[in-house]
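A, B, C, D and E label the chains in the order they appear, each numbered from 1.
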């Protein structure tokens, strides 16, 4: 899984039928130093993530393991909202500080 | 999924038999700032995308989740035509403006 | 799928038993401008591609969708010989011109 | 599989239900010279790896082959704690030296 | 599949149970010019490759197609020892010359 930050929303009316009702968020990936990377993924949100939150993005067939997603053409999903990232060198991210 | 722009068409007569009838579009990927990237994918079109439109491309086994594609050797598919991409910093793309 | 050009052949006598009879071609990838990239794939040829031809390479589990390849340890396959690639900016490739 | 070093921990309370009880470690990848790379993966730990240890990370559907992980949306897992890495040019890593 | 050169061995005693008996080799990838790339993979050896040999590495779910590997968390495997690589511009590699 990769760490990313919720940056925005992608809306589509004309899409593969099984994607109806799937919420697509644009997630910008974060480096191991906590910086935003010039790399992103549009991921299906299955946990209700909000703008600015750090999340875990799973890719590949793993994105279809969520209940009801087995036959949806999805290759990326947000599977967790991150509370904290702790490195040996100290705290990289703490949601309570970020949203205060 | 990645955001891309429909740039062209790939035509082949000599191909794996199960690919007969599949339309292949050349999709150039778009950065999180809306710029064209030097990276592309030839993807099966299952939504009827047109030249210049922004689309969502799914890759890997997800590309074979579309009805009738289960046994086709396809590793990328266009699964949505994008209406809008909204970032925290404002609107990145709006199809109505782009095509006016 | 990615666009590539047939550059050569890889021969092996000591290999996983199910790979017997599989022809391996070295495919160098091509950019969206038609230039050769410093990136390649050794792919199983299931369409009879020849030297110098442009082909479509499919990767991942898609490479095992060809009849008889379901249990072969192959992660890349040539699934089409390209006739033409047309971009909004004009023709990128035409096999008839390339081979005249 | 890739070689990596255990750098930290990712904690999440709001997550996909099947991820309950899964321990997520942040693994920074190591080059073929033993240097830390600017690239990482958040991986499920199924072997009990500790801070600073070198591990093998498997990615993609392989990460769900561990018993009980078949339906969890996990795309990376730590599947081994490395004892030694020996190259033709000599020893690259020896856990006993590293932890003395 | 990618071309690589056997550079070394990775040993682990504490690992996912199904990996017992699997031999892990460190394979450094080779460019389309035959140069060593700063990129590698730790792959399960199913063909008995030796130090310095050029091999074909398959990745992803393909690595689990070898008999007995169906449920092992392996995402890369050595599936062939390369005899020759012939390019349109001449011979890139010949094992008989390399080992004389």
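FYI, contacts are C-beta pairs under 8 Å (C-beta built on N, C-alpha and C of every residue); 3 or more make two chains touch, one makes a residue touch a chain.
The model shown is predicted, which means the values in this text are computed figures rather than measured ones.
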Compute the rotation angle for the C-alpha superposition of chain A onto chain C, expressed as a multiple of 5 degrees.
145
What's the distance between the Cα centroids of chain D and chain E, rounded to whole Å?
21
Approximately how many whole Å separate the CA-defined centres of chain B and chain E?
33
Considering chain A alone, which of its residues make contact with at least two other chains?
60-61, 63
Round the ring, starting at chain C and heading to chain E first, what is the chain order?
C, E, D, A, B
What residues on chain A touch chain D, complex-wise?
1-3, 31-32, 46-48, 56, 58-63, 65-66, 77, 79-88, 92
Counting only contacts in the complex, chain B reaches chain C at residues 7-16, 18-19, 24, 26, 28, 38-43, 51-52, 60-61, 63-64, 71-76
